[in-house]
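Just passing along the structure, written as structure tokens.
Here the chain labels run A, B, C, D and E in written order, and each chain numbers its own residues starting at 1.
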Amino acid sequence: RAEVLIFAAASLKEPLDQLTARFEDVVVSYGGSGTLARQVTFGAPADIVLLANTQWMDVLVTGGHVKGDTVMDFASNSLVLIGPQGHAPVPLTQEALNAAIANARLAVGLTEAVPAGIYAKAALQHLDLWESVQHRLAEVDNVRAALALVARGQTPLGIVYRTDTRISDAVTEVAVFPTESHPPIRYTGALGHGADGDAQAVLDYLLSGEGQDILATAGFLPPQDIVR
Amino acid sequence: MDALGPEEWTAIWLSLRVAFVATLAALPVAVWIAYVLARKSFPGRQVLNGLVHLPLVLPPVVTGYLLLVLFGQQGPVGAFIYQTFGITFAFRWTGAALAAAIMAFPLMVRAIRLGFEAVDPGLEDAAATLGASRWRIWFTVTLPLVVPGVLAGAILGFAKALGEFGATITFVAAIPGQTQTIPTAIYGLLQVPGSEPAVVGLVIVSVVLAMGALLVSEWLARRMAKRLGGK
Amino acid sequence: MISVDIKKRLGDFQLDLQFDAPTSVTAIFGRSGSGKTSAVNAVAGLLRPDAGRIAIGDAVLFDQASKIHLSPQQRRIGYVFQDARLFPHMTVMRNLNYGGSHDADRVIAVLGLEQLLDRMPAHLSGGERQRVALGRALMCDPQLLLMDEPLAALDAPRKAEILPFIERLRDEMQVPMLYVSHDVSEVARLATTLVVIEDGRVTIAGPVGTVLSQPETVPLVGPRAAGAVIETKVAGRLLDDGLTELAFSGGRIVLPGLLGVLRQTVRIRIPAQDVILAKQAPAGLSALNVLPVTITRIEYGRGPGVAVGLKAGKDQLLARVTRRSALRMELAVGQQIYAIIKATAVGPEDIGS
Amino acid sequence: MISVDIKKRLGDFQLDLQFDAPTSVTAIFGRSGSGKTSAVNAVAGLLRPDAGRIAIGDAVLFDQASKIHLSPQQRRIGYVFQDARLFPHMTVMRNLNYGGSHDADRVIAVLGLEQLLDRMPAHLSGGERQRVALGRALMCDPQLLLMDEPLAALDAPRKAEILPFIERLRDEMQVPMLYVSHDVSEVARLATTLVVIEDGRVTIAGPVGTVLSQPETVPLVGPRAAGAVIETKVAGRLLDDGLTELAFSGGRIVLPGLLGVLRQTVRIRIPAQDVILAKQAPAGLSALNVLPVTITRIEYGRGPGVAVGLKAGKDQLLARVTRRSALRMELAVGQQIYAIIKATAVGPEDIGS
Amino acid sequence: MDALGPEEWTAIWLSLRVAFVATLAALPVAVWIAYVLARKSFPGRQVLNGLVHLPLVLPPVVTGYLLLVLFGQQGPVGAFIYQTFGITFAFRWTGAALAAAIMAFPLMVRAIRLGFEAVDPGLEDAAATLGASRWRIWFTVTLPLVVPGVLAGAILGFAKALGEFGATITFVAAIPGQTQTIPTAIYGLLQVPGSEPAVVGLVIVSVVLAMGALLVSEWLARRMAKRLGGK
């Protein structure tokens, strides 16, 4: 097949659809990072793999499922606390958080499985908030579901990527987790073994100024090693 | 089953409880709807039938989202139920049970409806001429005769409820001890590299539970048929 | 007195029935599809007529004019269905008690159900099933008993086994009955009144003896079914021969079998085709019964048969002879002749008590 | 010659049958549950016996000893089931052709199916359905035709409508038949051989005339069913009376109806209970038939009836009289007396052609 | 339906094709298994019944994962099928069809089995005495009579196949034009701001398709019954 097949984390859909519109014969399959990585280990014919999780990329590299020398970060994200539209900002202290959650819950991704959940747990632990909210979490299978819980008023607060807040008008950012509070949220990509020059071109474009602009418009931050 | 930690065992017990309650709670409604579909003819019967089947054919995530919209704390139905009965579904095992019940509902209705179609309405006529009230006929004639169908439906529903994932996690998330069922645990494990042994353990548990339930249902149905058929 | 006057459209079929039934046994007779079950269902309240009125004595069950339509539950009518319809998940005892336990011991005794009480319906024979259905209907103390071909699903021996029970019911329980059947010997044994239905309409109605012994009945009920029904009293027993002598207004008849005790009323049907006519009293004949009779009517039908109405005492008899015989014997109304009836021609199914 | 010798255990029931049937019509007679259907199923290959042998002439269908068990497909046996079993999704035409189209035009003509060919089975009456089932079985050119109570589900008029068709089959198609029935008049009309089964065993077997006119048969087939079966030839018509005169070895008999053309063979059953005996030839009687006969046997049964075997020419007749009559008339073997038979007593269902 | 862009329409067409092929391919197997379950008795019958039901009661993600393991390019079954038939399932629409077929299979078998149980085996005996071979009986008597059940099963299966999500996305991902069906498209859209109209549009399309299929199946079943029943 002449086309370039990209396996990408679902949260990249908005910018990636714009990016790939520039090319002919590029298709993107979106899914959870874990699901995608597993599929690649089972031989998915992905020319480019874009994950929101470096742990799974390590698995792919170790298993020789991607070209190890092509792995690089292309974006990063920040973690934010969201509340319903019009909610006042919430300082990231135990008292404020407890008051805001009251006897409801805090929506996050699965803290052991979904990248956004794993980052959220790390951030909360770093800020000494984990103990107090640990038993008041509502863990869901993807960030979009966490967002929906807040949007529908099912939970007063949720932890999602900054980029996700754009999805719904019903929510607003009430706090930003400091970058140092959690491991860098790295979006990392690599070429698959079947990748050809076309795939390389797409990946290059992703890292080009234009590509980075589109990612930025969607709320993504530049790759952190570039920032550093 | 060394692969299963305490959290997995909690999930197993919770799954059983959720599936049990879901089945039990959905049963009366399923019986009623099945009866209406099997016996009554009214305009909109086909639409009702279609509605009942929706959770079977819609993507579970969509069902879960619709549940959130309707039964969430601010959802019209959810708010009403909370104000009236003081029951809240949010992040409680009750919500998991609701999601499981809704997803299992079409299967239950299908099986029970067959049960009703197998009951001779002539027996109900006979009971009426013997002076039995509608309610008495229902409870002493119709219902006992439809028991094999109800049983089959209930157990199939139970098995389905045990395996429900998409609607549950979307509606009530996965809270260990509250709403984290076997499927959620499996999903979580699947996202983590190298978790295959635990996944296999949980999959085996859910297969055994589901198969066990199905075998029991077939066995009960046959015993029942034997008793009534006299052979 | 049960009075039925109903109209009901069922698909292409139009039911339009009027008849009155006395408070004893009324048979409804008609061929398949004539509307018998629909009629009985209307009386039971399982089928709502489009128009008309149904009443038992003063109790109005249905009256379209005054919008009365009692539910089956309110009618206190026992219904015995052709297929028994026992509740398969209940023991015989629980089936019996379902509608009530009026006079339970007596019903159980009369129907001989003592041995069956703990059985499940699936383990009963067809005849036993119908007996239980009868008992169940009786134990709810009905003001009327409907029976829709209760014996049709049974073979001859089973039928013979259950008929005496129904007779005992009629005589001992005193419940009025509407009895649907298309078997003339059943009708003759059980019923006092006969209503013949054809295509949704009543074509003949009246006392069973009168209707069956009228020459006009032959084409309606069929040549083999026509015949007189007479009430007799046991007058004696010819013990060594196993015969019973029965007296009626026209004389004495000897029939095989021991048919009840002295003075007991026995009803017998004498099929028209089994009556031979003779101008002189014959001698040296194997037929035991020779009755002097007067010809009251001669009805020439379509076929080769002629129906001859006879008067024996106050009772009506009916004979069916060939046209050739009728002409050769120069039969005429008013003639005094002899009717020869073979003792063995009146079969056990034609004798009721 | 069909020879059946099988043993089969079915739950609590033990089937253990031996009989030979000639290549004409053999009736299998027995009450419900006696094993008739099981026997016929074994012949058809639908039920595999535990032991024994089944053969049609030289063709062995089943032989446990040599492990032969032909499948139903290989047996070329036509089977007409009680419930017709027409394929509901095929027209009559396609049903008929399903097994073959042997002699199709003739079968369709004989069974009068011309008008039905395009109909679906759901739109046929019970009688029509059985005729189609018959035609379907015939058109696969069977070497044997099995019929399991093909008329039992039909009411009397429907029965009367189809019997002549089966007779025509027998006479025109020349296919041997095993015919299961529990209706004696059917058996008498159709069969040449009668096999009576009781509780899984053969109790009597033999030519139908012999078996039914033997006094010993009475308790087995019931008093009403016993009677002679004789072959007669149409000798003339009494046109204005609608009667037919039939000749047989014992004389002439007049019966109602127009029963075939001159010289045609007609088989009639004369029920034992409809025969009256007289010492002198009677006069002035409505009964048209008076035959001189010789008493060959007198069989005293358990009840009040006595079965009297009679010889009329070369044919056997059977009469049933009361013990009292037998004694009064001083009946004795070898006596020359008269048998009186009412023309109307031999009903249409007792006359075959 | 302005809300639906070309990619959504592609997903709709692909869904229809996948569901159609899945139903068609699964049908013969479902008919056969249903027949065996309805008519034969053999040791392991209950186990077979349980196996058939598994996809109904297991979490779809688990089913998808098992498919990935078994039917992936390197999976034992997948490799065998590729070598034998040259068919590959991995990340092709054929794989989406396989996932849909497996998920719809239990529903199809249940419905078809009822069809078989409603066919009088006496008719098959009758056909045998008429000299028809087993195959002829099967194709001319049994199969045509079971058509209402098969139809009901096929259409229910089709509806279910249209809505299948979890197993599909786990097994073959969501590649537009290849494996991205309506449910996976809905999942993707849910990640993008301002996509609600498209989501609602797709949900409506899938509800309409599913309800339409169900209505058609009921209607066909009733017409069939009418033709055979004569009323």
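Simple rule for what comes next: a residue touches a chain if its C-beta (ideal position, glycine included) is under 8 Å from a C-beta of that chain, and two chains touch if they have at least 3 such contacts.
Bear in mind the structure is a predicted one, so any value in this text is a computation, not a measurement.
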Set of chains adjacent to chain D and to chain E
none
Farthest chain relative to chain B (centres taken as mean CA coordinates):
D
For copies chain C and chain D, work out whether under half or over half of the interface numbers are shared, and give different or same accordingly.
same
On a C-alpha centroid basis, what's the spacing between chain B and chain E, in Å?
22
On a C-alpha centroid basis, what's the spacing between chain A and chain E, in Å?
35
Indicate the whole-number Å distance between the mean C-alpha point of chain B and the mean C-alpha point of chain D.
60
Between chain C and chain D, the Cα-mean centres are separated in Å by 30
Multi-chain contact sites of chain B, meaning residues that touch two or more partners:
187, 190
Which chain A residues touch at least two other chains?
35, 38
Two or more other chains touching the same residue: where does that happen in chain C?
none
Which of the chains are touching one another, listed as pairs?
A-B, A-E, B-C, B-E, C-D, D-E
Touching residues (chain side chain B, partner chain C) in the complex:
120, 122-123, 125-133, 140-141, 144-145, 227-231
Which part of chain D faces chain C closely enough to touch in the complex?
31-32, 155-157, 182, 222-224, 238, 241-243, 254, 256-257, 273-274, 276-280, 282-288, 303-305, 319-327, 329, 340, 342-345, 347
Residues of chain C defined as touching chain B within the complex
44-46, 71-73, 75-79, 81, 83, 85, 87-89, 98-100, 120-123, 136-137, 140
Which residues, counting only chain E, touch chain A once they are in their complex?
65, 68-69, 72-75, 90-91, 169-170, 173-180, 187-188, 190-193
Can you tell me which positions in chain A touch chain B when the two form their complex?
32-35, 37-38, 55-56, 59, 104-105, 107, 110, 112-114, 137-141, 145, 148-149, 152-155
